[in-house]
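You will see two complexes here that share subunit A, one where it goes with subunit B and one where it goes with subunit C.
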Partner chain A sequence: MSAYYYFFKMRILTTLAYRFEVFTAVASNAVMLLATVFLWKAAYRGIGSVQEVSQHQMIVYAILSVVMGAVLSVNVQDDMYYRVREGHIATDFIKPVQLLGMFLAEDLGTTVSALVNRAVPLILLASILFTPPLPVSLTAFLLFVPSLMLSFLLLWLMGAIVGMISFWVLELGNLGIVKDAIVRILSGSLIPIWFFPDWMGTVSAYLPFQYMYQTPLSIYIGKITHSQAGTALAIQAAWIAVLAFIAYAVWQRAKRVTLIQGG
Partner chain B sequence: MIELSNVVKEYTVIKKKSGLSGSIKSLFKPEKTIVRGVDGISFRIEKGEMVGYLGPNGAGKSTTIKMLTGILHPTSGTVRIGGISPQENRKSVVKQLGVVFGQRTQLYWDLRLGESFELLKRIYRIDEETYQSNLEMMYEVLGIDQLINTPVRQLSLGQRMKGDLAAAMLHSPSILFLDEPTIGLDVEAKQNIRSFIREMNAKRGTTIILTTHDLDDVEQLCKRLIVINHGKVVEDGPLSELILRMAPYRLLVLDLSEMPDPQTLHHHGAELIKQEGLKLTYRFHKSDISASELISGLSAKLSVVDLGVKEPDIEDMIREMYRSSSTA
Partner chain C sequence: MVTAIRYHVSVAYFFAKLAVQRQLEYPLFLVSWFLMIPLQYISGVWVLKLMVEQFQALAGWTFPQLAFLYGLGLLSHGLSVIFFIQTWHIDNMVIRGDFDRMLLRPMNVFFQFVVNYVNFIGIIDLIPGFLIFFYGCAQVGFEWTLVNVLKLAAVVIGGMFIRASICTIMGSAAFWTKRSGSLISLTLATMERTTMYPLSVYPKVIQLALTFILPIGFISFYPATDFIGQEDGFTLPVGLAIWTPIVGIVTFAVSHFIFQSGLKRYESAGS
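Let's look at the complex of A and B:
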């Protein structure tokens, strides 16, 4: 356990060492923040609410979605691809640790440091320019926190599964981009699924994506009521179980086909 | 201790055709060929041995090391380290192994060297006392105490290699795999690293398996050689025995002051293989005649100004092994 904690700690230290990267990341997220909030302001002009969601709720949703995107750091997909491609995976395999555990600890490290150096400046910026993105109630916030954690695990497992494909194909390239685009659209991080046609909502309910962003955000703004939140959390947990099982099965096979690049 | 029997590793290589039409064909119907990187290798290495694992580029050396360390899975055959399969029980096997890949580092690029060591301490669950005493020893043998606060990315290649060696030995492994540990280093750094390897073997009884293209490494470190080519073992035995068998002769080179009488050139214990003006080269077998006997015999008949005895060239010997196994 303490080795994974050290991976976690070291990642926090490394992330804090790159100040310039933090600055550029916050800047690009700030652009996204401005763009989405202005978009929703324009879309809601003259409309009171859509599907019982007011303009204010939608703006809080948009702000928090950008913050979530900046904080929840899932590098496992790119890390794995890079380490396999460059052959560094060899030095990982000679250590008596679970590789997936190591990647998870590192991503958690990045996420925790992002809470400080990304979430705080973005929330401050949003509060000054628009409105403080407050939760609908304290209970909503207390339900949002575990839901957010489950979201992180869902995103992480999805990234890990796609990353593992690099053990088979050395050019992961576009597959990663396609997956990221699918997550972006179907998770409701850009536009909530309730704006899409009904059939898409039905399909989406049976896919894991909307539980990555839309679920915690809906709890936060009160679109999912307290009594519905329990079910939402349970669905998130169930998807985690499914994805964890897939990740484990793929990993067992991936290890057997390891190719080491560069001698 | 280490046992490989009939280990085979096959790769699927997709043959890319040239040209546009070739690329399109490859996209839809790739032509796959199976290549045997390692083709039925068997050997056994006992505890405390220092073995040179040699072969030309692409012979399958690194692939073997990667199967021994559990990174790669053999297509067939078995690998056992201390009776355990590194593929099935990777974590428990790699605990006893130290591995250094000369061409890549296991240290953390962005962190101080000391922090990488701290991490390894936790990964291998090294207790504080062992950790401190091992660290002391590394400071002493490798002289890296000055570097401990330097970020790894700022280390020179030689310093980084010392760091990697220390990192591989911190958990007191019983087996140390060194994959080209002196690649790209200057003469002094090479010597430091060789004396470190010798010391680990002598003081701790660490089994050492070394792949290298540097024949000085081989001469100075390895008591036994395993030579492979095209994925097969071509030679396996003590270095001295291999030399005796492959290159049992020595050369005596004489410089004369005047042209000799051709009658006097003959000696019963040696063969004259070259005569260039006043320079004569004799070849003789160690077992037939001693150098001093030959020298005194010849200098009685010839006016010798200068002489030199050449030991068999290990480089020639290895080249000969590679060559003969390639044509076979």
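Let's look at the complex of A and C:
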């Protein structure tokens, strides 16, 4: 366990080392924040509420969505791709740790440091410029926290599965970007699914994506009731089980493929 | 004078030929971009459509008008990706010492830098741009008169120069700091967000900044208001669309100046 804690800690320290990078990354997120919130404000101009969501709720949703995007950083697919391509993966397998555990510990490290150096400045900025993004109630917040953690796991597993493809193709190209684009649209991070046409909403309910962003955000702004939130948490957990199973199965095969390639 | 121009053109042509040949080496890579880029832009415009359906209009803009604006912005974006993608990577060139070679050649370094690469793959960025733009044109009833076509060409090329200049200016920071990668991503993110929606979505302060400090408004917003006849934001004399190529030339001159002063600080890095 201490080995994983070490990876976790190291990642926090390295992400904090590059101050200028942190500053510009936050600035990029701030641009997204401003653009999204002003867009929603323009859309809501002269309109009370749409789909039972008020302008205030939508703005909180948009702010939190940008913050989530900044915090839940999943590098596993790029890390895996890089280590396979550069051949580091061979020595990684010799290390006395579970590789997936190492990747997870590192991504948790990035996320924890992002909570401090990204979420805090973004929430401050949003509070000054627009409105403090407060949850609709304390219960909602208490339900939001576990849902957010489940979201992280979902995003991470998805990234890990895509990253494992590099064991076969070696050149991942922009598969990662394709995945990110799909997640951005179907997760509700850009625009909530309730604005989609009905049939797409139905399809989306059976896909894992909307449980990555929309579920925790809807709980936070009170778009769904507490009992619905309970169901949503259960669905998140179920999807984690499914994706974890797929990831495990693919990983077992991936290991074998690497061995065949040899030195 | 004529021989000098002919010489520069032939050098540019050979650089372009080499660059295209290099990229055709990896056809599979090309295909994957071919899937990716259109997906991104079509979904972007589709989100706008969803919003307009729910909210009637966006800051007074209907969906066809938004598509026209978005498409117009994508056209100059596509061109800048084809001809000026190297302006995104000045920091790499500084760190790898790529300017050494250019400094040794008896030719203006900025010119070499500009023509040094043609990103053939960028054509894929243009395709969704054309699709969205022509859709917007048909819907808003854009008149294809000779004057309009000439104006359009001037706007798209001017927009390309504005984009390239802003990236060159930001990227030139690498001459001093050695890194500007994240600064470039910030710039690109800002340009994407501010050219795809009407500028009038933003408060006056931001509109002013994007007009006079970082003239992003001239890439697509002001010319689009001119073409569509939307009364929005500022009114300048002699038609807003005409300003785009003028601003393009001015910013390009500024970026040339900043690049040159950066180059004086250049110390060929590495071994």
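As a convention for this text, the second predicted complex is superposed on the first by the 258 of 263 C-alpha atoms of A that agree within 3 Å, B and C clash if a C-alpha of one lies under 4 Å from a C-alpha of the other, contacts with A are read in each partner's own complex, and residues count from 1 in each chain.
Heads up, the rule we're going with is that a residue touches a chain if its C-beta (ideal position, glycine included) is under 8 Å from a C-beta of that chain, and two chains touch if they have at least 3 such contacts.
Owing to the predicted nature of the structure, the values given are computational and were not obtained by experimental measurement.
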### Side-by-side fit of subunit B and subunit C on subunit A, or clash
fit
### Message
Between subunit B and subunit C, whom does A:43 touch in the aligned arrangement: first, second, both, or neither?
### Response
second
#### Entry: First, second, both or neither for A:206, with subunit B first and subunit C second
neither
### Message
Under the stated touch criterion, which partner chain does A:14 make contact with: subunit B (first), subunit C (second), both, or neither?
### Response
first
### Query
Which partner does A:95 contact after superposing on A: first (subunit B), second (subunit C), both, neither?
first
### Task
Take the Cα centre of subunit A as the vertex and report the angle out to the centres of subunit B and subunit C, nearest 10 degrees.
90
### Query
After lining up the shared chain so the two structures overlap, which partner does A:87 touch, if you call subunit B first and subunit C second: first, second, both or neither?
first
### Task
Once the two complexes are aligned on their shared chain, state how close subunit B comes to subunit C by Cα atoms, in whole Å.
7
### Message
Can you tell me which positions in subunit A touch subunit C when the two form their complex?
### Response
20-21, 24-25, 27-28, 31-32, 34-35, 38-39, 41-45, 47, 50-51, 171, 173-175, 177-178, 181-182, 185, 190-191, 195-196
### Task
Sort out for me which residues of subunit A touch subunit B in the complex.
2-3, 5-7, 10, 13-14, 17, 87-91, 93-98, 255-260, 262-263
### Query
Hey, which residues of subunit B end up touching subunit A in the complex?
11, 62, 66, 69-73, 90-92, 94-95, 97, 99, 101, 103-106, 108, 110-111, 115, 118-120, 122-125
### Summary
Touching subunit A in the complex, subunit C uses residues 28-29, 32-33, 35-36, 39-40, 43, 47, 50-51, 54-56, 58-59, 177, 179, 182-183, 185-186, 189-190, 193-194, 197, 200-203, 206
